[in-house]
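In structure tokens below, several structures.
Common to both upcoming complexes is subunit A, partnered first by subunit B, then by subunit C.
The block that comes next holds the complex of A and B.
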């Protein structure tokens, strides 16, 4: 500032005016420089940001498969087999390490990386301390912690109350057994979850370590009651759970919200009809209120789960809406699992059509969802199923798909079975409703085969659509897809494809005729070549062989047509049914063209054997076109009788 | 014969056989480099891959290294352990994949992961190849205590990697 004023004085007054103007003007702009708060960045945030720009690439297989043409799976069984084989290899490596743990004791990393160290094996004789039990409970190793606990008890080591409670909770949650380790991702992904949504069988292990700890525990704390009741409810040991609950009520032991949630969930197992179940549920809720317990998301989901198959759909729907409203007032946002139960209640198969799915999707659209309840993974599958069967709405299905692909929501698809069912419904819905070209370009070529491999039923629908639309140019690609997906032996699919090829003669170009003939020959050779160990083999009926014959004849492939004709002729006993007369007529025409009357006569013989009345006219035509000499004419007369008197 | 030579011979023949004496090299040296070079066979049908066909002096000209790591740079750590680990990896992988590798095994270390690459034949089914991939990756990661990734390329048969016959 001092320097400026000195130069100003030296230069004279006019500059001073400018400077004072500048000073005035800077004073009037109130620019408070706002420094924004520093956003803490994690070590992988840049990678995550980059990854969010890249969606799924439908032209490549999933990144878990090795990137080599020989190793990319193209059928649904292939995908499962390859992923599980790789996991089996990993399990084999784990086994080798377990067997020879003494060879793997070196530690290369500093600090030691626990994941690469062979796991401790705990037996009856191990030297264990309470700290070991603590660590095992933290690592969720159920069987090991049970062993360590037994050893400690035998040695009469004092185990703290909280530690025992922690162990009890772990045992109740896991029913005294280890689940599939989190390391084996593929096994979990391909695990076919039990289909029965309602009454799962009782699997609780009576008298096992959890109950033993509980009974031996003195005094019985409220937390232990909570743990054991929740465990028993989860594994459907309802008699004992209710008994313990009543015991706790009598002794005025306060229970927590989650315990009440687990009991509410099992209401349908305890009572038999709607009124009793609902009154029991209401009882539980009143008891919760009296104990001053606040309900949480688990309560909402438990009530909705119970209502979804409680019986009496009309009243259940009423109660569902009331419950949703109540919990909205409490400020608890329903999770995707809650919406799943709502859909189940409203969109029943044998019930009135409900458009509640539209409202649900409106509510959920354009938001990223997290998993907040185990049942959240059922939402997308059921929503797509309802969009297809219940509502038959393409726009809604598209919105559901968009929601699924928004942000990280794809994680909520669940496992491979749910994914395949989801895409099955999506595919079938679009196949039935979209114009075929749009369907093929936007959906079929995008999703198949890397994202979704259609099942037999869905392929049949696609082929039907192609047939109805006469879009024969897709047939070669669909046939090669059938071979790749290992569906080429299915009779209904082969029938459909042959029908399409035969019926749309006017639409084919010469290249298509050639490829159709190739496909027909391929079908034929697959049916006669019995490969080693092939369980599935297509047995061609007479009708199908006739269609193959037509296609070969259109391509004017006499040699192959003769082979097919021979097979028809020689295996009359084993082949079911007979070809249509048009096929045989076309074959005779080809024989005329190729000037091979003996073949023609054989064919006419076959016609008479089958009992076709047109055999006579065929014979007449054969004689007229080829002017048969005496030998042939005699043979022909023997076959059809004397029809040549007029010619 | 020179005097020196006569002296040497007399020393040799007159002295007892068990004495050791150091002698100078008096003929031309024959220390031809013969590592990594293959002799031409009479029938000219010995197959060579590109790697085998180029002798070691072509490294950094027509071929590159099989082992990539920073252990031999200034400040690089664990160079001997890395070399031993590489030998272990090569023996292990060649043994586990019975007669399947048709190229040398390339080992690259980046940060804490080890990438093992090579070309294999398609003589066993894809399912078995996946089993071996899972097994190899997991076992090597247990042994070397860091993530190991296999990057394989399959080739229809051996003749696809043969460069020339010698």
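The block that comes next holds the complex of A and C.
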């Protein structure tokens, strides 16, 4: 108690408060001690508390990779391969356990760990009971539960109505097939959802077990109607869904909110133009109201989803705002998925620019968000995309990023594809708009390579910026990054980097010249030393070889320059194009310096072969500087003709 | 700053080269015309006239090309120079003025057309015209081209320097030198204070942030807000359960540290839950009181003789069972009862060997009779 008053004093509360607090504290010494209520802790709470103290370390690879410098992947394909390989190992273990189930019958743990027990195999002849069906529905094993159900039916075992309903719902939800097991997290993470905006293909399995159970069910309960309609809507079997819906309406069977939601979502598939779609949607909503059903978040999201690609953008925007207001009055807070649809509706590519993103971010900032709808994970990617393409606003992008990193919001990034797209947009936006130093120090060096590996296009933009800014000191690091990301065979990137190195001669220090020469030689040796099996080869054009030559010559590395020259000379048929005359002129100058006229003459021969008119002046200079003797002079004259008489 | 300086000079550079080209062609044309003066007069005159016509046409074409080139430079220059929001208006005004001077460039015809359309539509002429122009011009000179213009121009300068062919310092080179001096001056190892200007990229469109009130619009009016007695209808338990599972899976990522992995394992029931309590999984056993495990003599009550070797044996069995932590109470009771059945079967043998006395026999018999009934 005394301690408490001391801390109060230290906080500097006004005098009166202190005295009253001291009085209170002295008073409560005699009263009973209040023990605060015990907070019930879940089994993982302490782990979560510990986990909240550990942040993401951008200088380290992701936890899932083995912590050995040789085994840390640094290219985007490498990361995917390594993670999937780990998962493949887990899958192999599962397979072994399945194959040799008899070897895994020991139960060493008490209580028994269900996850380690080999899974039961259900066939037509298995002895099954109703309890098995229950367990299988709980465990979400669709195929097995279908088999067990068939066996039970064959043996005329009575299956409770509720259990059958549960089975029907499972089948409708999963469309009679198993999904990816929950154990395989990496597979889900890397599942490249290459779907377009809408998958309007019908995938519902007509006449399969779900429909069979439904038709055989007597009496048809409201739950079963709801289940089957929802299932059909989810898998886009709209004709039957609407038919069943009308049937239910006729028989006055009450449906539930979620069924209406699924129908509203598919409104764009049922009708063709904006007016009809909107009127159908409004119809559904009025029917919902007349059936005294309470709308929920799913209703809001379904309406917004339908509006986002209903057509007629102007009216759609109006309706979107009206819908938001309506549901605000109902006390339903929009989730991130709703905002995703709002962005889609307002910020169309070919429409006028809308700054609604600012308002949305104002509304969402500095709050932790939970996942409440499956589409919530699309929000951040789309927001960043709009900030880049639609609005080109760095401050806004920064705010979005801050929101993403607030608390646990990073979980809402979705999967690896969305993450990479998000960072791609972020990168490109900042690369174009920030001064290069700031970009490199704050963004590039922080995020690359462990959090994000830039794609070829983004690297090209970064290189462009470096070129425009003449920031040549970043070139060695960028080149080593290109090698690590497995992008060193891309012709446009190599071209860009060589251009930057060649064009910025005045800005280099001697160390940089040396590293440039090394890079040039590296490019050269990579292109000629590729192993047989590699798909990607970099074919150097004459121009690129010329640039390599320039860089080597600047470093005064005669030997390597000669090798490049030889390659140019000997492979004239296979190399596309010719180097610029400046490259060859510089090489001749180096030959003059090194006093190796034979090389010079070879180069001049090459020049004449290529048809450069400057070959003559080069020859003259060579003769003048080195004072060629008879043999060389004769050779030279053979090459360029008699130009020496005029000099 | 320096870059704009360079830009203003670049068009001149291009202009210069084009003028050079033009001069050269003119010379060549004149050469042609002069060289043809050595043949017959009549045909020669005709030829001369034709050639003159051709050369004139060529010259005209060249002139037109030059004009368009320079005008393009001018327009791109103005775009690059002005990065303030007001440039839209100035651009429009300038274009209107140009239109009045009736120079026939594509942009002018576009402005013309936009003006006509806006006037024919009526309403807010300026607004529609500006919107149309914005769209048209932005489609024509989209983000990428502005950007590449800038970057290519700057890069182009550097290439110009190389192709200068040692002919005196061109403007571009002078400016490059100035740039270098500026960049080299403060440049030492740790010092990164280079005057690299931000790439002055004007926003793709001049965006005015207008605040849209997200919730301020009139509601649809379909649902009435204050009805609290509504439900969501019949509940699809399994469906909702599956949906919740899917939601959870959508935010489950590969664990990014060991704690997350432990959380995952705990939820999959592969490891013990915190706080560790080594009676996890023994819920059934908690319901049974410990005396039922330890005091098993009560199962001996009805049938076992009170003395003698059988009693000894059964008491030892009870002691052993009471110390066995692995069996449930049911299992222990079964053990004891099994022994009862066993001894009943072997009754004759026991009597012969004298393990069982006559007095005790009564109990067993009574029991046997009971079990027979």
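Note that in this section the second predicted complex is superposed on the first by the 593 of 647 C-alpha atoms of A that agree within 3 Å, B and C clash if a C-alpha of one lies under 4 Å from a C-alpha of the other, contacts with A are read in each partner's own complex, and residues count from 1 in each chain.
Everything that follows uses one rule, which is that a residue touches a chain if its C-beta (ideal position, glycine included) is under 8 Å from a C-beta of that chain, and two chains touch if they have at least 3 such contacts.
Keep in mind that what you see is a predicted model, and the values were worked out from it rather than measured.
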| item | value |
| --- | --- |
| Touching partner for A:352 - first (subunit B), second (subunit C), both, neither | second |
| Contacts of A:467 with subunit B and subunit C, given as first, second, both or neither | second |
| Touched partner set for A:116, first subunit B, second subunit C, both or neither | both |
| Touched partner set for A:506, first subunit B, second subunit C, both or neither | second |
| Touched subunit A residues, subunit B compared with subunit C | C |
| First (subunit B), second (subunit C), both or neither touched by A:292 | second |
| First (subunit B), second (subunit C), both or neither touched by A:182 | second |
| Contacts of A:92 with subunit B and subunit C, given as first, second, both or neither | first |
| Contact residues common to both interfaces of subunit A (with subunit B and with subunit C) | 83, 113, 116 |
| For the subunit A and subunit C complex, residues of the former touching the latter | 41, 43-48, 50-51, 54, 56, 62-64, 83, 110-116, 137, 140, 165-166, 169-170, 172-174, 182-183, 185-186, 188-189, 221-223, 226-227, 230, 254-259, 282, 285-286, 289, 291-296, 318-319, 321-326, 328-331, 352-356, 358-360, 363, 371-374, 376-377, 389, 391-393, 411-412, 414, 432-437, 464-465, 467-471, 499, 503-504, 506-507, 580, 582 |
| List of subunit C residues in touch with subunit A within their complex | 131, 143, 147, 150-151, 154-155, 158-159, 161-162, 176-177, 179-180, 183-184, 192, 194, 196-199, 201, 203-205, 207-225, 227, 229-239, 242-243, 245-247, 249-264, 266-270, 273-275, 280-282 |
| Subunit A partner contacts - residues on subunit B that touch it in the complex | 122, 126-139, 141-146, 150, 152-154 |
| Interfacial residue positions of subunit A with respect to subunit B in the complex | 66, 68-71, 73, 78, 81-83, 85-90, 92-94, 96-97, 104, 106-109, 113, 116, 118 |
